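Each structure below is given as structure tokens.
What follows is a pair of complexes built around subunit A, which joins subunit B in one and subunit C in the other.
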Partner chain A sequence: MNPVDRKLWLASITDRYVRGGMDRRTFLRSAAKLGLGVGALGAMSHLSARSGLGLISPAAAQENIQWPEDMSNWLKEAGKPFAGQTVRLATESTPPSNAINSALKGYFTEMTGINVEIETLPLEQVLQKLTLDVASGLGTYDLYYLDQSWMAAFSGDVIDPREKYESDKNLAMPGYNIDDFLPALVDGISMYDGVMVGVPYDIPIFIQMYRRDLYEELGLKPAETMAQYLSNAQAIQQAKGPEIFGTTGQMKSGHYSLECDWTCWLWSHGGSIFGPDKTFTGNDEAGLEAMNYWIELKKNMPAAVDSWTWDGQGQSVAQGIAGQLISWGEFFPSWDAPGGSNVVGLMEATVPPKANSLRTVEQTGFGEIPGVGHQGGSSLAVSKYAKSPDAAWLFAQWATAPETQVWITVLGGGTGPTRQSAYDDPRVKANAKPGIAGTTRHLDAVRETIANHMGSEPDLPEWAEISNDTIPVELGRFFAGEYDSPKAAMDAIKTKVDGIVAG
Partner chain B sequence: MIVRSGLEIGQAGDLQRRKAAAVAPKASRPDGPAKRRRYVSDTPWPWLMPLVAILATFAIYPLFYNIWLSFQEFLPRKRQLAYVGLENWSTMFADARMWDALQVTLAYTGICLVIQVVLGMAIALLLDSDEPGFGLLRGVLTLTLVVPPAITGMMFLLMEDAQFGLIPFVLKSLGLMGAGGVILSSPTWALWGVMLADTWQWTPFMVLIFLAGLRALPKEPFESAMIDGANAFQTFTRLTLPMMWRVIAIAVLIRGIDLFRTFDYVYVMTSGGPGTATYTLSLYAWQQTFSFIKWGYGAALSLFTLVIIVLTANVFVRVARLKW
Partner chain C sequence: MNGTASQRMLRILAAWFVVGLFALPIYYWITVAFKPNRDIFALPPIFFDFDWNLSSFEEVFGISFGFDKGLEVLPGGGNFYMLPNLWASVVIAVLSTLLTVVVATLASYALSRMRIPGQHHFVFFVLSTRMMPPVAIAIPMFFIYKSFGLLDTYTGIILVHALMNMPLAVLLLKSFFDDIPTEIDEAALIDGASRVLIFRKIVLPMAMGGIAATAVLCFIFSWTEFLFVLTLTQTAFKTVPVAASTFVTSTGTAWGNMAALGTAAMIPAFVFILLVQRNLVRGLTLGSLKQ
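Presenting the complex of A and B:
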């Protein structure tokens, strides 16, 4: 039986088991015939709440997951010269990193003899660690977790994975298939100035999410335009407020999350951060229209949004006090997790509304790609200063290989994969059910948003400062009432941003 | 009523005698010259070397390195430091963000000090008793001090959350805050919200220092004051405060230096916002150094903070007539 048939068969028996058409013993026997053994349980780990089987824990996963024989054999051979070496990675605490760290990296070590140390930190601290590492050239970290907004800053400090894959055949994982990565992601989060800075690793992206129960009760439909999105928020607020707000936000002053929200409204109203002359354009007519829209939208948010980052925003939905939002799709599985949410099975996901108008890349500066679906993807890159660069490259390939991405998606709580094949994998599709931990039922919306609605921030070395300080601090001042008008705030941002860019 | 230490005058006298014995000539010591020589060396340097090495490594070298660094700047594209002369210093004095941060830091330090000294003294006076249970209360006071400041910041961040927080809920229930009221995202109240966390954590420190001072005060002046018919207020202002002055001054000095360097609470609770309403000098220096890798500018900011602390502390020591 070929691998695709095996996976389809597994999906089929998994579905029968969940529906009660097969007992556990028969299910395991059938899975064993497929050569999947107890590992099949991992594919249905999400079904615990209904089947009573129990969610497969990271520890159990470590016991049970099996890897394709060809992949496993190749890693054993390729890893031999590097056995005993240690690969170090500093990463944000994201679902893929957590899944690898807690449940999967042990397999890599078992197959290759290479140890892996993963340090999980808040995003801003990852940036600090990496910057210090490249500045000192010490090679403390062999692998860099690179947010898309840092590509320009680190492009000269990493090894181009495509070149490495082509030039070092002994270390090129068979079937790795770089072309399997979603093309929009490769362009949006991995490329800078013709250099592939890293391999696409994860893809948090803005999608439209809403409370199905509220929409049904109020006769609303998922917004197809930005105006509808606002009117939906107002309708919910009017009918359900102040217990339930029309929408929510991540608008903490001085925090990157505030800048993320801003770009969504800016891009969707035909604006851009930079113009072709590489000066700030957020204060133009489209930019001000976006600000006015945002002000109206904010009237339907809890007052506390001004002190929330993404954590607070996600939690507000989980607590059941927000009716809709355009934000990170990776929130979605946590809302379906029984026990941790008041909206289990109630949320729905779809693509963002259509932008009023959209600038082309040529109409912007520094490679900015306007789109309502703001993406915050990241890449995994091998450092030029790595102490164990080859071992790190092996790990990077394994961590982003098709099979690993499937396990990350299944065990990592339904995070969005960066490979097309992972979205199509039956084990991932089998999780697309409501009301279960780690659901993947939002991934169709994620995939379509990546393909058709994705927005990417500009690539310039100063972007980390502009996006993490200048813009969110001034926006914070505006929402705190320190500016008389959106125009005054945007003009102030323009002066500062243009000053920084001019050096 | 004047509540004060139970230390007897006889005990205080013992202390004085013990001090006198410690500085008396060798011959006066009962254990004689042989034992004393164990603590004296004709060649002290080898014994001092470990301490000197530690100081040189962790204090003197970083200080001089920082001074040197403040005249350099890191060039991200070249990945190297370049000499920039006084540019970092001139940029700093012309930087409106730095002056904002200094203003916030001074306000934070001043207000917190006043609140913590007043509250600390009040609580210390209440707890200065040998009645049953008071020992336990004094022990409980130390609990806040063992909580890491970042955790305290996180606790208060949640407690002050406008949507889910306990404090806004109580304030709204009492009619002291409007329905849309916020603390940490209001330019007016954010700094007070952060100061609340600081005050919760560090007032007990003041209480403990003041309690130690109160319990070491001699009884006689208070007994005389009582016989002379002084009321509680008079006794407090004319006896307790003057006699406690040095203890208070030392507590103010220690807390003042600490408050001027405040970082954790602000970082966790507001990230300096809204806008720059809670940006302290330490947070600003940290951001410039580690987030934007402006090492030279960050060094200049840190040194400026150090200079302010050293100058202020020295002036304070002279004014308060503290002797070390």
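Presenting the complex of A and C:
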């Protein structure tokens, strides 16, 4: 049987298994006959990836995962000189990191002899650890998990993966294919000032998500414009409030999540954070229009959004008290997990509404890319101070290789792959079913949003401070009523941000 | 003092109300560990009527990672496997408490009974090490630890926790020793006892209550300490407070697992307090009356 037929057959038996038309034993036996033990887990991932929070059963994974022979043979050879070395990575607890840490890294160690130690922490603590590592130059970590908002700050402390791939052919994984990464992501999350800071690792991105049952009941359609999005929220609120709110938010004062929400409304109303002269422009006419829109939208949110980060926002949907949202697509699988939410199988995903108008990159500053689909992607970068840079580079390639990305996607329950081939893989498509944890049925919307609606924050060394502190603190003060008007709040932010940028 | 029956009833009700006020958050936290995800944030909150299950505990203790299938848990054990972290917390809290109490007992006895030049300045100096916010010390400690190879080691964390608790322990124990009349020491000295013998056979047993109270405080401070463990460890181990932060993921917080770990983490602290309870009550009230 040729590979395409095998994959199609696998998709078919997977479908039967998921629908309950085949028991587990028969399914595994059929998959084994195909020589595709791998495929079995693709279908079973809803059993092992519980609640979409990244919990993987290594036991289940060990039973089923097989790696392509050429990849495994190459890793065995390439890893020989580094056997016994240890690669250390500090990372946010994200679906790919959890999938690798819980279920996959053992295979890498088995193939190469290289040990992998992964420290998972909340995002702000990762930043603290990496900052300390870079400041000391001690190389306590070989690999850096870099949020897109930190690219500029760490660009001088990492090894350019393209250069490494080209210059060291012995360590260049065959079939790694850097061109397979979604081009928009390479620009949006991996590049700074002509340097490729890391390889695209994961891509949480804002998509539009809504309750199908409510939309059908109220005769609503997914919004195609920002005005429709607001009117949909108002319609739900009017018909279903106060039990169900029109929409929800992640608007905790002083938290990065608040800045993420703001950029979505800012960019969709033709605004930008910076202008071409590299000064803050959130207080211009478009910026104020965005603030007024946000204020109207907030009237249809639970009052508690002021204390919620993405966690509270996701929970509000899971509890069934929010009708729609534009937010992180990686929430989506957790809502489909049986027992994990009150909206199992009820949520739908689509692309964000069209922006009222969009500024071009040339009309902004510091490489900012306006777009409704705010992206929060991250890269995996080899530290310039690494104690085992070559072993780390092998691991980085393996962790972002096409085959590994497929596994991360079917095990990780939520992440958006950064490679085109992963979106097209039958094992990923086989999980695009409602009502299962680890569903991938939102990934079409994710892929299209990356291609056509993606917004990226500016790249400047001070951005981590501005986005994680300055802007969300002042926005929090505005929503707490400390400013008389949006204009006063935005003017205050401008003064602070311009001061920081000017040094 | 006793009042009428209705006054007594009122006092009892008020006491139960206060107990309930303190116990309710703990009860609710424990129920979160047993709730399915969808019930954790249910509105209105569910206090009793939910589907009890042990899945959060099974994940935190590694039961669902293959123990039942006889398979080995992968290195790192999965992100939600917390048993090693619980063990690390116990080892660090017990050993750092032991170290603190031994050193602080000797130091405070000396400060209480012996006269050395600049004694008051010395006591002030001991206390001043607690005046700096820990965050100001954490980063220099990182560099020092890196140089001495103490980063990411049990020894390093035990030492830093002992150092952190030492000033408080010394001052507390000094006040306990001060409350033991010096006449007892003097009587023993006249009878020919040495300083060491007096300390071991007479003063130490009398101060046991204070030592127990100090040990409980040191244990709890070490058990809940976050910043130094976060800064001075990497991948070798984590204590419970830092490990619990890994439940905060980019797709939400695993509240059920966090509550399961929190519930489990209360047990060693309770056990420790129970072990020293007999002396603790005496220690907490020691010095409350001046003669």
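Rule of thumb we're sticking to: the second predicted complex is superposed on the first by the 463 of 503 C-alpha atoms of A that agree within 3 Å, B and C clash if a C-alpha of one lies under 4 Å from a C-alpha of the other, contacts with A are read in each partner's own complex, and residues count from 1 in each chain.
Going forward, a residue touches a chain if its C-beta (ideal position, glycine included) is under 8 Å from a C-beta of that chain, and two chains touch if they have at least 3 such contacts.
Remember, predicted model here, so these are calculated numbers, not experimental data.
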item	value
Superposition-derived comparison: subunit B or subunit C, residues of subunit A touched	C
Touching partner for A:N98 - first (subunit B), second (subunit C), both, neither	second
First, second, both or neither for A:V382, with subunit B first and subunit C second	neither
Subunit B versus subunit C as contact partner of A:I369, first or second or both or neither	neither
Touched partner set for A:Q319, first subunit B, second subunit C, both or neither	both
Partner chain(s) touched by A:L460 [first = subunit B, second = subunit C, both, neither]	neither
Subunit B versus subunit C as contact partner of A:K252, first or second or both or neither	first
Subunit B versus subunit C as contact partner of A:V126, first or second or both or neither	neither
Which of subunit B and subunit C A:M490 touches, first, second, both or neither	neither
Touching both subunit C and subunit B, counted on subunit A across the two superposed complexes	128, 132, 319, 321
Subunit A - residues contacting subunit B, complex	124, 127-128, 131-132, 134-135, 137, 153, 156, 242, 252-255, 302-304, 306-307, 312, 316, 319, 321, 461, 464-465, 468-469, 473-474, 476-477, 479-482
Subunit A contact footprint on subunit B (complex, rising order)	74, 76-77, 79, 157, 161-165, 179-182, 184-187, 270-277, 287, 290-293
Residue ranges of subunit A in contact with subunit C within the complex	50-59, 62, 88, 90, 92-95, 98, 101-103, 105-106, 109, 115-123, 125, 128, 132, 136, 138, 140-141, 204, 310-311, 314-315, 318-319, 321, 328, 330-331, 334, 337, 339-342, 414
Subunit C to subunit A touching residues, read off their complex	36-38, 41-43, 55, 59, 64-66, 69, 71, 73-80, 139, 142-143, 146, 151, 230-231, 234-235, 245-254, 257
